[in-house]
Structures are given as structure tokens and as C-alpha cells.
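Across the two complexes that follow, subunit A remains constant while its partner is subunit B and subsequently subunit C.
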Partner chain A sequence: MAVLRKDINELLTQTGPGTPMGELFRQYWIPALLAEELPEDDCPPVRVKLLSERMVAFRDSEGRYGLIDEFCAHRGASLWFGRNEGSGLRCPYHGWKYDVTGQCIEVPSEADNSSFCQNVQLTSYPLVKIGDVLWTHMGDAATRPPLPEFEWVHVPAEQTYTSKRWQQCNWLQAFEGGIDSSHVTFLHSGGLKTDPLFKGAKGNEYNLNDTKPFFEVADSVGGLFVGARRNAEEGQYYWRITPWVMPAFTMVPPRGDHPVHGHFWVPIDDENCWTYSFDYHPVRALTETERQAMIDGHGVHSKNIPGTYRPMANMDNDYLIDREAQKRGETYSGVAGIAMQDASLQESMGPIVDRSKERLVPADSGIIKARQKLRKAAIALRDEGVTPPGVDPAHQRVRSAAVVLPQAESFLDSCRDAVKVTPGVAQTSV
Partner chain B sequence: MTTASMHLSESARAASASESRFRIDVPIAPARAARVVALDDRAASVVRRLAQRSWAHARFYTSREVRDGDGLLHELDGPTVPLDEVLAGTDVVVVLATEDGGRAAAAAIGRICGRRGITTAGVILGDGFEADDAVAALRPYARVLLLSADEGDAFELLTALRV
Partner chain C sequence: MPKVIFVGSDGPEYTVDATVGDSVMAAAVKNGVPGIVAECGGNQSCATCHVWVREEFAPLVGPPGDMEDDLLDLAVAERRETSRLSCQIRLTRELDGITVDIPPEQP
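Moving on, here comes the complex of A and B:
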């Protein structure tokens, strides 16, 4: 019996219009682009491809954001070439002009009082700025959920930082790294000692001293909690608790008083995704040193080619692998940086990994369970119209946590408050 | 000093969509000789349903008397089998529990498997509270505990393990 049948792999990895997983993603608000990509009114438009749909985003003269079909309704020219002016985006080919809702507001070749343009409407989706991110909902407007309430985009601006990078593989294999705590001991072991956003925490010692963690995987209302347990002092366990909120939001358990990080994995098409990576601190501003480290690609962030969101270390240069640094013990895989250590291996699997060829072990139970939840939710939505977990903003108010507990205690019972967002209260961390 | 080459590399080509077609494609044999043990009556019902599916090497049991070092398990069709015999040649044991009744057996199976280097996984079905003690008993030994309201997770786990 195959680990994961090919038809289920296709169901989980295909997110275009009309696919079950594509419809699932269209139930949620998802990151469309960073706010920095549309920095001012009437700035240049930006091409955006999400869930296999090509669109263009722009910010009009009144500061309104729009996300509309990339191609002009007239002859199909890309509106990325459009002139963003006078409260609309004008196709430079023949001058057709659209507002942020995709409504055509001007067709110069028609008579001055013609009503023709009223009947021309491009597909459009809402685009809303929350925190450093512009969010969209690409599903039915009639069932549009309330805006997202993830803590990282709701703390004051000085407490948060978000970056993004293009990852050249399907969203699922990128996301699965986010709930796979067992790889940290190996792949990221160098970073625990040297990365400015990781090092120095007491919890790192437990990580490095116990390379065979045990796992507990438990349902949450919005997805899962994955607890990774390592030996601590006599009679105690060190727990790292990773929340997953469906479909694609994960958080990394914190280390000491370092900012808390996490990811949102967004399908571009079936062979590419955006990895949004964030750091925030619930109760204090990020220091200049911390923010600069994030900009420099430390922690979960990447150093990107200037003017792009493609990492400087990428598959075309073998991720700048440094075998000498590997031998010296500075990095485990030879690739520098947490983000590219993950991406290099996930991309090496190919654009869409064939999961029927896997040999999973019990430690992969979080991944097994997540696939099961995604598949069930997609089918329940398709067949019965059931709203999936994670749509309700209440499901999004979660945190990761790192704690030391007596061996007999359940992490779920002991950390009920720690894994909930409590404004004004710091993360629970070791 | 970086030793990276700046030209299009072998790995980049190997990871492309077109090159993925040339991966060696051979059938994967079932890898694990699993033993699946129900620790209580409701778990036994689940295990009976699981046993009706098609498996390669998995064998299914309910627990009867298990103490440290020895004990008896029931095969699903009735006869009892010494735990020692059940575990011979096994590399993974999956225990299922729905309540605390099986905590002593959970601890004993976990201990024995730990000593023998047999990977142990626990699937705790229900809301979790009814099986607190069983979870606590398994925790020191089970490489993974899956706390779930979904009986299908046990099937998914066994399928993923290619048993």
C-alpha cells in the first residue's frame, strides 16, 4: 500500500481554480504581497500570482488598494504596464482604465457619454493592509470571513518584522517543514549556536543535548499543536510547542527573550510558493540589532537579491553551499541560514514531491495528521459546504511556546494559557 | 571560503520538473513488522476494524495481562499469545487507548519495547481527558503520541508506516 496515493497527493498540492484544495485556500484571507511593495499612492503596479491566478496589485491616488485580473479586457495586454494615475490603472495600449474593484471607468474610443464601460468588469479581490502585509480573500464574497487576527500583524509596527521569499516548490512540502520539529536538531544545529536571533537561550542546550525528541500531536480548533519533548533536568522535560492554523500558518517555538517567529506558506502555482516569514515580540519593540539581523537574512529570514524576493542563495548557485564551513561545524548541511537550509532541501525534492515514494516513521505523525486534516477539510467543503478550521479569527489567536515541565504533566493541560494570545503578556519561553 | 559554482548546477537541473521524470522508479517493499495493540474495549473495536483492511506485515492484538517482562496478548480471533513471542522480530508497536483502563499495560509494553529497541507509538482516541493516565504511562516510551478524536488517524498512521 502506498504511503500517500497519487490522487491524494494531487488533491493536496493542486490549488488552482476549481480544485478542492484551491477552493479550500479560497475560504481564507491569505497574504498577497508585502505592504512595502506598494509604498505610496500611484506607485508602480505589481504582478501578483496566487493560487494559479495572475493578477496585478496597485494603490490608487486615494490610497486604496486593488487586486485585479492582470490582463486588460480589451485585447489582453498586461496591466503591469499600466499607468497608475487619476484613481485608476490605465492600459497604455488603448487607454482603457480600471478602478481598484476592476470596474472599467474609461474607454477612450467610445463616445463621451457612452455607458459601454459600465459593462466591463475585471475579476477583482479585496486587498487589505493589516500589519506589514496586504491580505486578500479570493473566494466567494458572500462567505467572506472577518479579517485575520494573527498576533504578528496586530502588534504595533515597532514590534514586528515580515519578509518574504520565493520558494521553488509546491506549497505543501514547504509547509510540512514548518511542523516537522525533528529536523531542527540536525539541519539547524549550527544556527542554535551562532544565529543572533536564536543563540543564547537556555532551551538551546536542551535541543543540542537531546537529539532524539519525542512527539505529541494533538488537534486544536484551528489545526494542530505539535509538542516536541526533550530531556531537561532530572524529572523534567523541555517542550517545544508548534501551532498550525489551517491551511498554512505555523509558528516556531520561541527561544529565550528573542522575538517569536513563524511562517505563512502561500501557493503561487502548483510548483512555486511564497514563504512569508515573520518575527515579533508581544510586549516590546524589536531592537535595532534584531531588526537589522532580520534584514540581513538571519533567523527565519533570507537575504534576497536586491529588488526581488528571490534568495541570493538559490538552486541556480547550489545555495552557495560551503563544504569547508560544514567541516568546521559552522553549518550542518553547508548551506548558511535557517531559511535556506530548509528551502534547499525542500526544493531538492523537486517541484512536487511524489509522496507515494516516502518511507515515513512515527516521528512524522504531525505531517501525517496535517495531510489527513487538509484532505478531510477539502472534501467536506466540496461535498457538504463545511467551513474549514482556521477561518474563524478566534482560531488564529494562538502562540507557540517553549516550557520545562515535570515529566508527568501534559503539555496541553499545562500550556493552555501559553498557547493563547494574551495582549500585553510576553510569550512563554525558555 | 565559498566553493560554490555560479553556473547552473547539477542539483538545480535534477530538481527541475522535467528531470523529475528520470528518477529511479522501483516498488517500495513494506518496511515494518508492526504489532498493533488495543489497551481497552473501545480501542479493541477500532483495532478489529483496522485489522479488516489490507496490510502486509501488521498483526493485531488486544491486551489481557501485561506485567513488566512478561504477559499475554489476545489475538483478535481469540487465542492468547505471550508478549515475548508477539514482539519477536518486531520493529514498531502501535498501541491504541480510549481510556485509562490500560495504563498498566501501556507502561509495561512501553518499557519492554524500550529495552528491546522497538519503536513505540501511541494513538489516544477521544477527547484525551478519559485517557490521561494511559497517556502519562506511555509518555516516557512512546516516540509519538497522537491525541485525536478521529479514528481514521490510526489507519493513516499505519498506512504511512507501510506496515
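Moving on, here comes the complex of A and C:
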């Protein structure tokens, strides 16, 4: 048995208040909701649990977003039942009312001239719409970094699409799938041939033909670039370069002119996470067909139970596994769709996988490096207050890339420009 | 032919003849030295060939590489100043007589 010590596994997987990883996550802006969840002023509030904290999100009469403690300061009733009206959220129990900053602005039982409510303040965090995502920062306001600058939320609306799914496992095992290129040749082999958002790229052939990728991992200012090398034509290698920006942003290397996709893995609590999945094209609008395919759960997206973010194929129905399709080779695992192929196996490990029992191989070097960077950053923050990599928005301006290079060339030296965001310039892809 | 001396955690010593260019791990495995598991076969991905290099040989052996350093941090129960993965120590003539302690447990 090997690799991850139990105490380090606990360090990396626990993100509640006061834990080292929890404090690390609280240094960053992270996705809290999709903007579509709060579609209009005074719409119903939404329960939000992040990093083991229970909150409620709402959009007030003036369009301001708020993310506040879920429970009324009076006697602890859930404000999810609240009335969102007149620029505040009112507890339906005794009428206490809060604004988007969590400040209590009315306690009806008190005398009109009472200042009681001025001293009642719920915990609150900022909630800011960038792209299709509402972002929050759950750490100290004094060290709040500038807003995130990931390209996917900054291109024009017609060039981008984001979905999310509830995943019933710890964030780390979900995230580790995002930097593990070697599973694609197996688990997603069906999708590389048939998925409308994946198929047809020249790179897919290299991907399918070489089942023994060699991994080279390079540090970036905000995290890592994981290079997966496969054989291409004589004297050349096909490189797939996956960026990771700490703590939990990963991108999938592109395929042909398909939109580029990626994920943001956000802990709900220690046994659940949100997988935000996005697709965008740096220089053109998504076509109607592409957007519809995303809505229909193709590519990295999932088909969810209407009105929820729970996938229709989930652990309660064995992900609708189709053994015949598996036998025929249509899908490698029998589970349909790239997103649920990943989620099914990540969830199958159990809520928090015991990494002291795993056996890693050289193809897992990206995972080893990422764990080490997370561990070091969490400890440096805890012991010395060091701001971790990826907090600076400049660290977030990265792209994935897929290239064919002469065998002698170093993937990173040859791709410095390809892995940088250059507005108006398309992704580098094969 | 360099000799390598392995000292087990409960006392026994194993002196083996090794070949220049082999790793310390390979010398252990070829001679059936207990306590060097080497699950991944020298690929720097498991840390089950961890040893503590005796002080006097540490300068000759040098520090661990980058990936090895990560694995020592992540996997090893008791990392010491001279901890190394024995699969990453290449034997040279100068290392004749190198002595390493085998920790009581491997990851």
C-alpha cells in the first residue's frame, strides 16, 4: 500500500471552517451559484452550502445579490422560507428582515424607535455575477483579492455556456479526475468517436491509438501544467496540456475547433461537491447546435433532473448503466455521457476515498504534484500567512492546448503562448 | 563491485554485492532484503523503498529530486534529513560500503 498518508488525506479533503484546506479555499473567489438560479429581482431565495457552511442566496428588489447565513438570528429558522420583498429577505416566522449584507433592518415586535436591529448582523459574503456564474469569497474581507479573470466568464455571453452538477463525493477525488489525462483513452473512448462536442478532431486519433501516455508536469505561477505526451506521426509527439489553477480550476485540452471545456470543483461539504462544467470558444459564438448539445448533456455537461442540479443518471439508479452498450463498445463503462462516466467512477470510490490504500503509477504524476502543492500551500497559509498561488487574477489567465511537436521539443517551451490567454486569438488545438 | 549494507529496523544487517549503475533498491530486491517493498518497481510513484541513508554517505548521495521529494513528504511516515527513495540512488564505485537503515514500516 502506498502514497498518501492518512493525516495528509484528511488535511486535503476537509474544508469546513477552521480547517487548513478550508482556510485555503477561503482565500479565493469560488463559484457559489449559476446566475440562472437567481433569474430576477425578488425571485425565490436559494439554499447554498459551501465549504460546510449553510447559507441562503437572494436577489433583492434592486437587483443586488446577497449570500447570508441560512438561519434567522432570532430563533434559528431557515431563511429559505423567507419572503424576498422590499429590498430584503424577511423571515416568515416573526417578520425579522435582512438586507443583502446580512444586516437586520427590521424587527417588527420592537418599538418603532428601537435600535435593536442595528446590533443584529448575520454572517454574509459578497456575491458577484461574472459571466454565467455568481462568485463568492468566504474569507476575510481585508484580504479579499480582485475579482476572478478566468477567460470562460469574460468572453461575450454568446461564446460561453456553464452548467453544474451535484456530485456525491469529496471535492478532491472529483478534481483529481480533471488533471488525469490517462483515463480518457479508456473511459471516454466511446465519446471521442460519437460525442458531438468531442468527435472529429485529428487529435482524437492520437488519443485513442496510444494508451501509454507519458506525463510531464511543470509548475505554473498559479498551479500546474500537466503535459500528457502520446505518439503522433514519425518523429513527433501529440501533447495535451491541462492547466490547473489552484485550488480547483482545471481545463480540458481542446479538440479541433470544438469549444474548449473545463471545470471548477467546489466543495459543498466533505462528502459532496459541485462540479461546474463550462464550454467556451475564445473567438466565436457557440453555434445553436453546440449550445443545444450542451443543454442536452453532451460533452462535459450532464442531463439533470428538471428543477435540480442532480444528474438524471445518479448513484440511486446505478447511473442507468447499459451493459449491452458496454459489450458492444459504444461506451467503455456502460454509462452514457462523458460527465457521468467521470462522476460515476469518482462517486464509486465512496464519499472520501482512503488514499492510503491506493497504488499510483507514473501516469499519476500530475495528481502527486497537485496534492503536494495543495498541502504546501495550506500549511504555508496556516503557519506563515502566505497568500497561495492562484489568488492573483493574473494566475488565472491560462488556457489548455493540444499540439503536435517534434520529439526533441519541450512541451512548455514550445507552448508558452498557447497556454496564455490572448483575447481575439483562438485556442491552440489539433 | 560496490557493497551495500542494509540495516533492518530490528537489528539484522544485510551486506550485498551490487553492480555499478544499479539502484540501491535493485540491490535489495535482487538479494531478497526484507523491508524494501518497491511496489512500483523503481518508477518513483510509490515510496515503498524508503531508506534513511547513514550520515557519512549522505553528502555522496545528495538530495532527492523534485518528484521524489514530494513522495517523501506525502507518503513516508517518518521523513528524516537523509530520507531517500532507494530506487533513486544510483550506485557508483564511490558509494562502496554505503549503509542505509530500513524503516520499520513502508507506506
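We adopt the following convention: the second predicted complex is superposed on the first by the 428 of 430 C-alpha atoms of A that agree within 3 Å, B and C clash if a C-alpha of one lies under 4 Å from a C-alpha of the other, contacts with A are read in each partner's own complex, and residues count from 1 in each chain.
Definition applied: contacts are C-beta pairs under 8 Å (C-beta built on N, C-alpha and C of every residue); 3 or more make two chains touch, one makes a residue touch a chain.
These figures come from a predicted structure and were not determined experimentally.
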{"item": "Subunit C versus subunit B on the shared subunit A, clash or fit after superposition", "value": "clash"}
{"item": "Partner chain in contact with A:Ser348 - subunit B first, subunit C second, else both or neither", "value": "first"}
{"item": "First (subunit B), second (subunit C), both or neither touched by A:Leu360", "value": "both"}
{"item": "First (subunit B), second (subunit C), both or neither touched by A:Ala111", "value": "neither"}
{"item": "First (subunit B), second (subunit C), both or neither touched by A:Ile368", "value": "both"}
{"item": "Partner chain in contact with A:Phe215 - subunit B first, subunit C second, else both or neither", "value": "first"}
{"item": "More subunit A residues in contact [subunit B versus subunit C]", "value": "B"}
{"item": "First (subunit B), second (subunit C), both or neither touched by A:Ile8", "value": "second"}
{"item": "Partner chain in contact with A:Asp322 - subunit B first, subunit C second, else both or neither", "value": "first"}
{"item": "Where subunit B runs into subunit C (options 4-12, 130-138 or 148-156)", "value": "148-156"}
{"item": "Common ground on subunit A, meaning residues reached by subunit C in one complex and by subunit B in the other", "value": "1, 3-4, 359-362, 364-365, 368-369, 371-372"}
{"item": "Subunit B - residues contacting subunit A, complex", "value": "1-6, 8-9, 11-12, 14-17, 19-20, 23, 28, 30-31, 54-56, 92, 94, 119, 121, 128, 132, 135-136, 139-140, 142-150, 152-153, 156-157, 159-162"}
{"item": "Residues of subunit A touching subunit C in the complex", "value": "1-5, 8, 356, 359-362, 364-365, 368-369, 371-372, 375"}
{"item": "Touch list for subunit C against partner subunit A, complex", "value": "39-40, 43-48, 67, 70-71, 73-77, 106-107"}
{"item": "Subunit A to subunit B touching residues, read off their complex", "value": "1, 3-4, 168, 214-219, 229, 271, 315-324, 347-351, 354, 357-365, 368-369, 371-372, 376, 407-408, 410, 412"}
